[in-house]
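Both complexes below contain subunit A, partnered by subunit B and then by subunit C.
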Partner chain A sequence: MLDQYATTLTFIALGAIFAYSFYAVLIAGQLSLGQAGFASLAAFSGAYLAPDRADVGDVPALLIAVAIGMSVGALAAVMLGLPTMHLRGVFLAIATLGFAEAVRVVLLNQEWTGGAQGLGVSRILTVGMAWFALALVAYWFWRMGRSRYGRALEAIREDELAARAMGIDVGRHRLAAFVTAGAVAGLYGVLYAYYVRLIAPDDFDFVAAVEGLVTAVVGGSTMFLGPLLGSGFQTIVPEVQRAVGVEAGWIRPFLASLLLLVVILFLPGGLASLLPRRTRMPSDAGDAADDRTGRSHPAAGDTVVALAGLGKEYGGVHAVRGVDLEIRAGEVVGLIGPNGAGKTTLVNMISGLVPPSSGTATVLGAEIGRTPVHRIAAAGVSRTFQHSKLFNRLSALENVLVGAHLVSRPTFLRRLLWLPSARRDEQAALRQAARCLERVGLADLAASRAEALSYGDQRRLEIARALASDPSLLILDEPAAGMNHVEAGRLSELITSLARDGLTILFIEHNVGMVLQTCTRVVVLNFGEVIASGAPGEIAADPAVIEAYLGSAEDDADGGSLAAGTAADPTAGSPDGVPPPAAVNVDPAAAGTLETPDTTRRNAP
Partner chain B sequence: MRTKLYTVAAASAAALVLASCSSGDSGGGDSTAASGGLTGEGSGDSCTIEGEVPVGAVLSLTGAAASYGESQQRGLELAAAELAEQDGVTYDLTIEDDQTDPRQAITLFDEFVNDGASLVIGPTLSNAAVQADPIAQEAGVPVLGISNTAAGVTEIGDYIFRDSLTEQAVIPQTIEAATEQFGLENVVVMYSNDDAFTESGYEAFAAALEEQGVEISETITFSKSDTDFRALLTQAQESDPDAIVVSALIEAAVPLVTQARELGIDVPIIGGNGFNNPRLMADAGEAAEGVVVGAAWNSSSDNPENQAFLEAYEAEYGAQPDQFAAQAYTGLKLVDQAVRANCSAERDSIQEALGQIENVPTVLGEFSIDENRDADHPAVVQVVENGSFAVLE
Partner chain C sequence: MQQLLNGIFIGSIYALFAIGFTLVFGILDRLNLAHPAVFAASAFVGIELVERGGLSLWAALPLVFVVGAVLGLLIERLAFRPLKGRADAHFAGLISSIALAGMLIALLQWRYGPDTRRFPPGSFPDTRFEVFGAQVTLVQVVILAVSLALMVGLTYMVTRTRLGRGMRAVAENPTAARVLGVNVDRVTAVTFAISSALGAVAGVLFAINVNTAQLGMGAAIELKGLAVIIVGGMGSLPGALIGGLLLGLAEVFAVQYIGSSWVDVIAFGLLFVILLLRPQGLLGARKVREV
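Up next is the complex of A and B:
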C-alpha cells in the first residue's frame, strides 16, 4: 500500500521541506526567492563533495552530503543576507531572485557540475528518510512558533517599526530567519539530488523558486503546518487529475491553476487557516507578583531624559528646533501643543526612531542619534504610537508577549529540547503579559486578534504592550484619542497609578483637561519650539499658551477656556468629569498684551 | 463561511481518498488480468494475444518541451490507430504528461511500473530519462526512448532501449559530408550552453570537427531563450569562417539563421538535430536556403513506409510531421514488432525481442537495435533547397 505511493509521498515531503525554506522568511515578513539558489549550491556541492556511497555506506554518504549542503546553504544566506537585509518587500524579492539566477548561470558554466547536462547522483533517499527529515524541519518550526524568537519574527512581519520599539533587534532576527531559510533550502537541495539521480542547474530556476513560494503561501505562511499542507495540495492535484481521468495536456495545468486561485481567494491565510489556532492563557495567572525579571529603575529625581538644543529639519522645514528639556525620574510630563507643533517628531527622536538634525539628547544613558531603536528600548524606553501600531494578526496576549521581549529570556533552543526551564520562562512571560492586560482592563479580550478590537481597546492594548517591557520611561502618543470621557478618566487613573509605581511618563495628548489633571509638569510646543513649561496650573494661565492654541486676541476675542477643554483638539474627549483646576478662566483679551516666552521655565543645557 | 469551507475541505479530502483507492485497485486489477492474457499463439502477423497490451508513454505535453511532446503524441496516436486495425494484438496505449518536470516523470514511471505496463515509451527529454529510466530498469520493465539523444541513457541498464539516433551518430556524418562539400578549413561554432540537448550536440560537433581536421576559430555560447543574435553573429563574422556550425533548438535556430542572412553572412550554416524541423523553412523562409542539417530522419526519403507515414500524417493532422513524430511513430511500430516476434507481451519477452530487432524496414529506414540497445540506421545529411529538405549530395 505504502509502496505504491512511495514516490508521491517522497515528493510531498521534498516539496514541503522546500516550502519550509520560504516559510522561514515569510514568517518574518520577508519575500525572498533566493532559496532556489541556496538549494542549487547545496545540491551541487553536497553531491560533488560527499564521499561515494560505496566507500562509507549509504546513510553516512547522505548525511555528509546533507551537512555540506546545509552549511553551504546557510553560508550563502549569510553572504547574500548581509548586503540585502535592509531591502524590503519586492526589492528583496528581486535582489534574491537575481542571486538565484546568478547561481544558475554560474553553475551552468562550471565544468564540475556537468553544465546543462547535469550531475549524476545515486539514489539513496527513501520515503522514510524524506519524511524523517521533514519531521525534523516541521518540529523545528513548531517549537519556534511559541518561543520568544518565533514571536519576535512574527512581530517583525506585522509591524517592523513597532517591533523595533519593543526592543527587538530587527536586523539580527531577519538575518537569522534568512540563514534558517538557507539551511533548510540546502537540505532540500541535497535530498532532492539524492532522490532524482540527476541534477541540472535548471532544476533550481525561477519556476522552481516561484513554485516553492506558492506552496508555502497556499499552505499558509503563519502556521507551522502550512508548508506541509501546501506541498500535499500541490503534489496531489496532478495525481487526482490523473485518477479521475482528466485528459493529459493543457487542461490539467489550467485546472490546477484555477484550483490554486480558488484556494487563495477563499483562504487568504492558506490551507492552514482551516486549522483552529489555540491561544494559550497562563495557567496560573493568580500567583504572580515576584517572578518579574525586573530592571533597576533610576531613583526618583535622577535625570531620565536630557535634551539640549535638539532640532529636526525636514528639507528646510523645522519640525523641532532648539528644544532644551530635562525629565527627571518620577515625573509625569504632558506634551501639548497645536497640530503640527512637532510633538510626535520630538518623542520620535527621544525614542530613537528619528535621528535629530541638531543638538544632543541622552535618554537613560543612551545617546540619541547613534543608538539603534532596540538599544534605546533596551535602556528602558517604551512607547505607544499616535496611530496604533499593533501586531494585527496576533492575539492581544501575543502582542503583549512581544512587548515583554526585553524582560523575558530566549526560549527557542531550550524549547527544542523540551527543557522545563523554557516552560517556566514562557509561563513567567505569560504571567507578565496577563498582568499588563489586566492592568489596562483587557484581560477578557486576551484571545482576540488585535485587529478585531475596538479603537479604544487597541489604544489600551498598546499601553499594555508598552508596559510589558517594564520600562523606566513610558512614552504615550495621544493615548486617549478616540476614547470617551469615562475611558479617558480611567486612563488618567492608570497613568497616575503607574507614576506611583515609579515610572517616568511622557505623554502627548490633545485632551488638555486630562493633561492638566494627570501631569506633574506640562510642556507646550508650538512651531517646533517650547513656548512654556511648568506646573499644570501655571500653564493653564500662560498667555503664550493661550495664544498658541487660540490665535491672537484680535483674531478671536471669544476664546474658550484651555483647562475646560473647549480649546482642545476636536478629537479629544469631552471635558465632563474633569474638574477644572484653580486658574481656569483666562481673559483672552489680556493675552495679547503680554510678552511671550518669558514665563517659560527651561532647564539650562 | 468557515463551516462551509470545512465541508468543502472534508469533501475534497474524501474524494481524494476515494480516487486514490480506485486508481490503486484498477492498477492491481490490470496487472493480474494482464498477466493472464499477455502470451498468445502464432508468430508475427498471425500472433494473437487475448488481453490488451498495456503500454505507457511519458511525454512532455506541457511545459518547456511541450512542442516536442505534442509531435510525439501525434506520432504515437497515428501509429496506435494503425495498429488497432491489425488483428491479433490490441494495445492499450496510455499517454501521460510529465509537464517537463523530472518529478512528474519519476512519478509517472513509478505508476506505469506499478500498474503493470508491458513497456514504457519516453520520456521526451534525456535528463528526465536519466532520472526516470532507473525505476523501470530496477523493476524489469522495458523502456523505449523515442527522442533521447544524450550519451549514456541506454547504459542505465539492459531494459533501456531507444530508437533515436544519438548526436554522436548523426553529427560526424554531417560534418564529414559538409567538409567534403564545402572544403571547410575553419569554422565558428555557436551553441546554447544551458540546454542538455544542444550542449551534448556541441560536444559531438567539436569532436567531429577535430576528427575532420577543421579548425574552430571561435566558440560562441548563448542561452536557449535568446532571440537576438546580431551581436554574436557580427563577432562570428570577424573571423571570416568557411561555415557557421550551430547547435540550437528550433526556437533559436530560426532567428539565428534569419539574422545571419540579414547581416550578409552567406557562408553555409550547419545545424544539428534541433534544426530538423519543418518550422525552419516555414518561419525563416528564404533565409533557410542552403542550411545543412544532420538528421536521424530523412523526411524526403522515398521508402514506402515513409511515404505512407507522410501521407497518413498529413491526412490526419493537416501538417508536415517532424522528426519527433517520425521517431514516435516508429517507436510504437517497433514495439508491435517486438511483441509479435515472440507473440508475448510479457516484459521480459519484449525486452528480449527488442534486443533482437534487426533490419526492420521503418520510416527511419532499415532499422536495427545494436548491442548497446541504441538505434542503428542510416542518418541523413540534408540541405534546404527551394523550401524543403533535400539530401546533400
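Up next is the complex of A and C:
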C-alpha cells in the first residue's frame, strides 16, 4: 500500500523541504529566488565530493553528502547575502534569481558536473528518510515560531523600521534567515540528487525556483505547517487528476493553475489559514518577582539627552537648525510648535532614525549619527511614531512581546532542546508584555490583531510596545492625536504615572492644554529653532510662543489664551482667530487642541 | 557591423517586452508574471491570423495589439484586482499572475499542441538592403521601426496626455490620486491593457524575427525582461529601452567572442553589478524613504 505511493510521498517531502527554504526568508518578509542556486551547488558538490556508498555504507554516504551540501548552501547564502541584504522586495528577488541562473550556466559549462548530460548519483534516499528529514526541518521552524528570534523575524516582515526601533538588529536577522534558507535548500538539493539518480543543472532552473515559491505561498508563509500543506497540495493535485482519468495534456496544467489561482485569491494566508491559530496568554505560574528586566536607569538629575547645535538639512531646507537641548533623568519634556516646525525631525534624530547634518548629540551615552538605531534602542531609548507603525498581522500581545526584545533572552536554541529555562524566559516575557498592556488599558484586547484595533487603541498599543523594553527615555510622537478629551485625559494620567516611576519622557503633542498640564518643562520649536524653553507657566505667557502660534503678537495681548487652548488654526495666522475672553481660565484638561490633528493618513495603505 | 545591427534588432524586441513589464511595475508597483505568457500567446495568435485569416504580416500586428490589450484587461481583472488592499498583495500578485500564466499556456497547448509553429512560407517579403556592408532584411527594419514607434508613442502618452498624467499620479500616490478625482481603477486597467498590448506585439515580432513560436518562448524571455528592467531602472521607460538594446548587443557579441553557452552569465553578471553599484538602475530615481 505504502509502496504504491512511495514516489508521491517522497516528492511531497522533497517539495516541502524546498518550500521551507522559501518559508525561511518569507517569514522575515524577504522574497528570494536564489534557493534553486543554493540547491544546485549543494547537490553537485555533495554528490561529487561525498565518498562512495560502497566504501562507507549507504546512510553514512548520504549523511556526509548532506553535511557537505548544507554547508555549501549556507556558505553560498552568506556570500550572496552580504552584498544583497540591503535590497528589498522585487529587487532582492531578481538579484537572487540572477545568481541562481548564473550558477546554472556555470555548472552547465563544467566538466565535473557532466554538463547538460548530468551527473549520475546512486539512489539512497527512501521515503522514510525523506520524511525524517522533513520532520527535522519542520520541527526547526515550529520551535522557531514562538522564540524571540522567530518573533523578531515576523516583526521585520511587518515593519522593518519599527523593528529597528525596538532594538532588533535587522541586518543580522535578515542574513540569518537567508543563511537558514541556504542550508535548507542545500539539504533539499542533496536529498533530491540521492533520489532521482541523475541530476542536471537544468533541474534547478527558474521554473524550479518559482515552483518552490508557489508551494510556500500556497501553503501559507506565516505558519510553519504551510510549506508541508503547500507541497501536499501541489503534488497531489496532478495525482488525483491522473487517478480520475484526466489525461489530455493541457487539462492537467490548466486545472492545477486554476486551483492555484483560487487558493491565492480566496485564502489570503494560504492553506495554513484554514488551521486555527492558537493565541498565547501568560500563565499565572511563575514568580513575578523574578521578572526584573536587568536594565539600569540613570539616576534622577543625570543627563539623558545632550544636543549641541544639532541641525538637519534636506536639500537646502533647514528642518532643524542649531538646537541645544539637555534633558535630565526624571523630566517630562513637552515639545510643541506649529506643523512643520521640525519636531518630528528632531525626535527622529534623537532616536537615531535620521542622521543629523550638523552638530553633535549624545543620548544615554550613545553618539547620534554613528550609532545604528537598534543600538540606540539598546541604550534605553524607546519611541512611538506619529503614524502608528504596529506589526499589523501580529496580535496586540505579540506586538508588545517584540517590544520586549531587548529585555528578554534569546530562546530559540533552548526551545529546540525543550529546555525548561526557555519556557521560563518566554513566560517572563509574556508577563512583562501583559503588564504593559494592562498599564495602557488593553489587557482584554491582547489576542486581537493589531490592525483590527481602533485608532485610539492602536496608539495606546504603541505606547505599551515602547514600554515593554523598560526604557530609560520614552519618546512619544503625538500620542494623543485622534483621541477625544476623555482619552487624552487618561493618557495624561498615564504619562504622569510613568514619570512618577522615574521614566524620562519626551513627547510631541498638539494638544497644548495636555502638554501644559503634564510636563515639567516645555520646549517650543518654530522653523526648526527653539524659540522658548521653560516651565509650563512661563511658556504659556511667552509672547514669542504666542506669536508663533497665532501669527501676530500685537492683536493678542492676553497670554492666557494659549493655556486655554483655542480652536484657532495657527497656520492661518489670522488675528480673527483670537478667542473670546470667555475662553480664558478654562480648565486646561478640558481644552481642545490648537490644531486639527493630522489623522488623514491613518487608513492609508 | 552585422553583429551590431543584429544586436539592435533583437535588443529592440527585448526593450519592447521589458517596457510592458516596467510600465506595470513603475505605475502600480506590481510585477506581472503573466506578461511572458501574453508574449507567447500573441506569437501563436499572430501565426494563426496570417495562416488562417490570410492576413498579411503587417495587418496582423494591430490585431495582435488588440488581443494583447484584451488579455491585459483579463489579467488585471482576474489576478490583480481581487487582491486590492491585502497586506500580502505583493507576493499574492506574483503567484496569481503565475497561475494565470499557467492557465494561458495550457490553453495554448490545447489549441495549438506542444509543437513549434512557423509562419506559412511566403509570408515574408524578400527585400534586402545593404547597410555599411551588412545585410538587413525589410522584416528587420520593420521590427525596429514598430518597436521604436510604439515606445515613442508610449512615452508621449505618459508624459503629455491626460491619461498619462493620471498614470503618473497613481504611481506617486494612489490614495491622493483617487481623492483628486482620478479614476484609479480605470487607470490601472488601462495600464495593464497597454502593457500587455506591447508585450503581445513584442511576441509576434520575436516570432517573425526567428520564424518560430514555442510554448516556452515566454519563459525564455522572462528572465531577460527582468534583467532589462533592473539594469534600466525599475519603472523607467527610457531605461528599459537602453537596457534592452544593451542586452541585445551584449548577447550578440558574447556569442561571437565568448561562446553561446556563456551568454546568460553575461546578462546576469551585468544585472548583478548594477544591483550592487546602482540599485535604482541606470535611469531609475532613488526613492527617499519617509519615517
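Methods note: the second predicted complex is superposed on the first by the 552 of 605 C-alpha atoms of A that agree within 3 Å, B and C clash if a C-alpha of one lies under 4 Å from a C-alpha of the other, contacts with A are read in each partner's own complex, and residues count from 1 in each chain.
Quick note on the criterion: contacts are C-beta pairs under 8 Å (C-beta built on N, C-alpha and C of every residue); 3 or more make two chains touch, one makes a residue touch a chain.
Keep in mind the model is a prediction, meaning the values are calculated, not measured.
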Contacts of A:Ile94 with subunit B and subunit C, given as first, second, both or neither: second
Partner chain(s) touched by A:Val354 [first = subunit B, second = subunit C, both, neither]: second
Which partner, subunit B or subunit C, touches more subunit A residues: C
Which of subunit B and subunit C A:Gly249 touches, first, second, both or neither: both
Which superposed partner A:Asn109 touches (first subunit B, second subunit C, both, neither): both
Partner chain in contact with A:Val214 - subunit B first, subunit C second, else both or neither: second
Partner chain in contact with A:Ile236 - subunit B first, subunit C second, else both or neither: first
Which superposed partner A:Tyr139 touches (first subunit B, second subunit C, both, neither): neither
Which of subunit B and subunit C A:Tyr455 touches, first, second, both or neither: neither
Common interface positions of subunit A, toward subunit B and toward subunit C: 105, 108-109, 248-250, 252-253
Touching residues (chain side subunit A, partner subunit C) in the complex: 26, 31, 83-84, 86-87, 89-91, 94-95, 97-99, 101-102, 104-106, 108-109, 161, 206-207, 210, 213-214, 217-218, 221, 248-254, 256-258, 260-261, 264-265, 268, 344, 348, 353-354, 385, 392-393, 451, 604-605
Subunit B - residues contacting subunit A, complex: 5-6, 9, 15-16, 19-20, 22-24, 27, 61-62, 95-97, 99, 102-104, 106-107, 110-111, 114, 126-127, 130-131, 134, 150, 193-196, 198-200
Complex contacts: residues of subunit C adjacent to subunit A: 25, 31, 78-79, 82-83, 85-88, 90-92, 94-96, 98-103, 105-107, 109-110, 114, 174-175, 219, 222-223, 226-227, 230, 234, 261-262, 264-265, 268-269, 271-272, 275-276, 279, 291
Footprint of subunit B on subunit A - complex, ascending: 1, 3-8, 11, 14, 105, 108-109, 115-118, 120, 123, 196-198, 200-203, 236, 238-240, 242-244, 248-250, 252-253, 266-267, 271, 274
